[in-house]
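Labels run A, B, C, D and E following the written order; every chain starts at residue 1.
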């Protein structure tokens, strides 16, 4: 089995010296693994990713407890550029591109430039042909999906060892999502990059990840490999929207959005 | 002819000062209101180095210039670094406070008296006669030349290096920039060092031309409209803006009323901004894309 | 023993109106009462110099509040504040000097000048943002000062215009205590106006404009209208402060309204804490009193008289240093410290607040 | 004396309390700080010699950075908290209005020492205001223009230069109309804003108006920068300017043989015994300002000492005021004559002007005391 | 008559044609979905309708031409919208955000507000009550006073939705309201949408990338591709259109 690339141990994140958003979670990502982080609103998924990448500074937040280790180095509360240079790159959920730089400049700005940047650039333009058309346009004027593409592309330009994507499919058209997931697997296979992603569509997440964690209220409540989660009743019911989650044949019985009942189950996993 | 020379000299002064504003604005969206004081400090540093390297004016000048880069970088490391990510207005106010501090220290060290670095260095300031019976003093001429050099060097540096772009990136979204591996501290310290350097050059050359007193920082304030007309984040803008403002000012003094020379640059600025709210060459600050 | 009806306890609100009340808890009521008593008692226990300081703080408060409204809430940065104070003061000075107008004419006239200038100062804000706007207000400041200077020179008041104290029915307002109460009232009135505006529709509109103009516009807020409105309100308040200043100090001269004054006002709202009226008040007090405080602290140092020549430069430097320390270590301003203390006591003995859901 | 005013009752004083507010920091401090330093040294010396009438003088300094509001607050403090019986102003004219107001309200006499004399000390004088300063509006220009008239050969085409502050502008306007009545031709008047990066544009216009004389009455910077810019442009005419405290050092720096300074103070170059005295005192006190800039402060100190002496002990504001009103001060040659005040004249009964310039490798006097009677 | 009719709407930025003669009409009470690849011009179309962009052609709202009106004038007519990126006022509480969204319905005079006259107070309370009803509908009671900036992204989308509702619009423009929501939250959102549609008979124009939600909920679908109309019709028809499949849905929709 491959070695552990990233490990988070009992990490706790506190906002504004007052609000605990992540409460002692532990998770790990191995070399070449794709790991998904699922969870409800406000579970602390984004916070976790930001803590790993040192992105917390501006929100007056810090990792107050626990350890984050990447490739044998402790990285919690380190400056983000240092973490980025070690190879941990994040696509944040908001403000993900440089608004006033053009698409081409956005791709050129990252500092740990891949050695084969020309080729990578070509690859990226091939990958997101839409971006090639937009090369000279400023980031701030792009459409939502275009921005997401650009953000992922510019993260790839850093040639990361661990790529973290917050809200992978956010605002992307289905065809792009399909393509992207396929491409990520390819990237992982070819380059050995590990990927940690937060994704709202559990179906998409579970289709590409090797391992997944489910977060709720700042804690990890469930984890396991793809098969285990796919067959977990609660996951089926609340994340995949499959009939009533009684473990029957999963692919057929999708619940319709037309007849949803009111769910009040938030506390079910507390115990 | 003399008018033309006057315009060029004044424009050079403004441009040299303006580029200091531009450099720092670019990386941090902060208007450095201590720029005038840093500029003045450069001039006073010459007095210090002059006594240190008596008899070697060039060494003394060089030392003062180097010192000013160090001062600029130190300002960042010990002060502005703490302000990264804070509200822009707070950072601007910090520069105001820094200005007060520098002014106080200068009075303490050098007293409030008028000082003449040129005298301390034993340098003369002869008037050169140009074609068409135009006159320019030696140090004004040097200032014009320096200005051209500085802009040339900065253009080269920012255009062909990746740093110009990175400075802009860092200015807009520091966190993301850091995430993309850009060391904000390097970029900022660089900007502060360069900005102080150019400011000090302006200060030193003006002081060599006509001495220095505590009121020098106010001149930096007058370079404001220049930086803004051109666009606060554009180097080329600084140059063109300085030219526009200087032309307006010189012609106004000559043909209309010298009293207006204080007000009109700002009127020009207002008129300009109404047409192009982000300056002639500046980039649009807020992209209103929803 | 066992009650048959369920019992409830805790703080409850039984109507939305209660949410609008300014004073909600007993602690708040008691603190307010203490504050008011102190404010009324002060002139009877303090010396004239302290009273003068208090009056300065009140005058500054009016200006700071109005700037807070403009910058802290509506997001329109202005460096023209000194110009507006000057406009009010000059309106008063000119009217008092030229037609011997009494204060009940000069005061509304100053407010009117403020309204007009507010419209003019506000116009660039329809196009400009941020620092560009700030510098354009700076331009207007220079214009006001230029006009004031022309007036002074042309009329031969080269060392400033002297103004007699305001009088009503034979009573002349010269006494320090009387002034204290007048200015206290004026500051309190300004505060109430700001509070009221901010808790109603206009206040929300301004904050929306501050956050994102395009979005505010799409929500049905007339952005241009509200920008001008905040400029007009803020300017007229500021001009009134200028009028009061002119009467209180008994003079008007352009030098009293230099750029540094504008910067001091900006300093007040930042040091106090952006986006908080309390911050404006704290900031006004801090920036006004601070130099005196340093002075008296420095005077405590032994052997200080020996350095009499340098002491003021040291003083001046110290002002810069403390301001820097303050900004670096408490960028949220005095209000930040205040909230931190509050939080500390509210949460004690816990260090952190639990996850979401808690009120405020 | 920089204690915050708490509500303490004034302690019984055993010294004469004199308060001073001056521009000790900020841009104009280059002119005022030396004067204040001199005044302080002078008073220290008086105290060292036993004080006045057996009592020390407690001089309380406050800094107003030439800001009117600060000056007002200072004055209020000096009067109400420190109980000063005399307030001294050593600051820019911008501070005059508030200080006049505050002292008037409190009935405390006000002495201008080193800032320009305001009109209110001219006859008929404001009962509370006095001025020892060498330079003063109207008379200065009269004397300067008289000198030009006497010195110049042929037609006089005169140019003016002022700083864009109301005081300087007012005086230059006055000089302009005066020049016309004296048969001179005013050709140009430059009003130059105080912060100016380059004086050449102004000088260009001035030069192109082709004056053979230029007169400037403004803070020293404006005067000397105008001259330097004119010279740079190749103008060779004569210029006369007010002899501020800086002038002695500056004449030596400029070495311009066609540049005259006119003033009411004897320059140190005259080498009077009192000059030696001042030099020695400055050195002993370790002042960082040159002795040549101390005349105004010194005279101010002399006036204070003399007034307190005749006010007796214990003195209050009213007594000091009466003493000032009858002051007759021998300036020991620092000025052309005595400074003498009476009920209606708090300026002086006569003003004397000397003119200096650089010539033959040193500063030389080109006109000895010329007296004007003040009416 | 159609509630909202877009006629030959075109929009260009510099050389780029963002919308090219797009036409559609939305009936009263209809749930009309707008889909298309990234950069197709969906948001831009919404921006044109709500007056943020100035396109050419015609936009008629309840028979009246609103093209060329200012955004705030359009909002006043009862046309509210949400934003793709939330665009909430982060410093304000949920409640204040909603009250701000209701601005157009609150008509108190600034002078009266200065003194907080009884009339102002009454208005504040009345509008507060109205807003509380909306908070009830979208189940945000817990967060009423929480500053929006600190809420998780998913909840912010709901707040954005609620803020648009606060205007009591007759037509609601939704720009990817489900982005950033997980399955469960989407179900909640679907519930809210159906509820306002049925209970309040609000007309809805809805941009969406979740095909399941579209096919389950939408009455009609309009597909844009590079600014041009690709297809329009019932979801089950449109979503099986080969052209749409190729341009937008990919193979396995």
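Note that contacts are C-beta pairs under 8 Å (C-beta built on N, C-alpha and C of every residue); 3 or more make two chains touch, one makes a residue touch a chain.
Note that this is a predicted model, so its numbers are computed, not measured.
Separation of chain A from chain B in touch steps, taking the shortest path, is 1. Touch-path distance (fewest steps) from chain C to chain E is 1. Put simply, the chain farthest from chain A by mean CA position is D. Averaging Cα atoms per chain gives one point for each, and the point farthest from that of chain E is the centre of D. Note on chain placement: the centre of chain D and the centre of chain E lie 73 Å apart, centres being C-alpha means.
If you average the CA atoms of chain B and of chain E, the two centres end up 48 Å from each other.
Chain A and chain E, compared by their mean Cα positions, are separated by 27 Å. Among all residues of chain D, those that touch two or more other chains are 25, 33, 164, 288. Annotation for chain E: residues touching 2 or more other chains are 43, 52, 83-85, 87, 151.
For chain C, the set of residues that touch two or more other chains comprises 212, 214-215, 218, 313, 315-316, 356.
Contact residues of chain C toward chain E in the complex are 15-17, 19-20, 193, 196-197, 199-205, 207-208, 211-212, 214-223, 229, 233, 275, 356-357, 359-360. Per the touch definition, chain C reaches chain B in the complex via residues 71, 77, 124, 127-132, 135-136, 138-139, 142-143, 146, 212-215, 218, 259, 263, 266-267, 270-271, 274, 310, 313-321, 323-324, 327-328, 331. The part of chain D that touches chain C in the complex is made up of residues 1-8, 24-25, 33, 37, 40, 61, 63, 65-69, 72-73, 76-77, 80-81, 92-98, 100-102, 105, 118, 164-167, 169-170, 173, 287-288. Residues 2-3, 5-6, 9-10, 13-14, 103-104, 107, 111-114, 116, 119, 127, 129, 133, 135-137, 140, 206, 210, 213-215, 218-219, 221-222, 249-250, 253-254, 258-259, 261-262 of chain B are the ones touching chain D in the complex. For chain A in complex with chain E, the touching residues are 15, 19, 38-43, 46, 93-94, 130, 134, 141-146, 148-149, 167, 169-179, 200-202, 238-241, 254-258, 260, 262-263.
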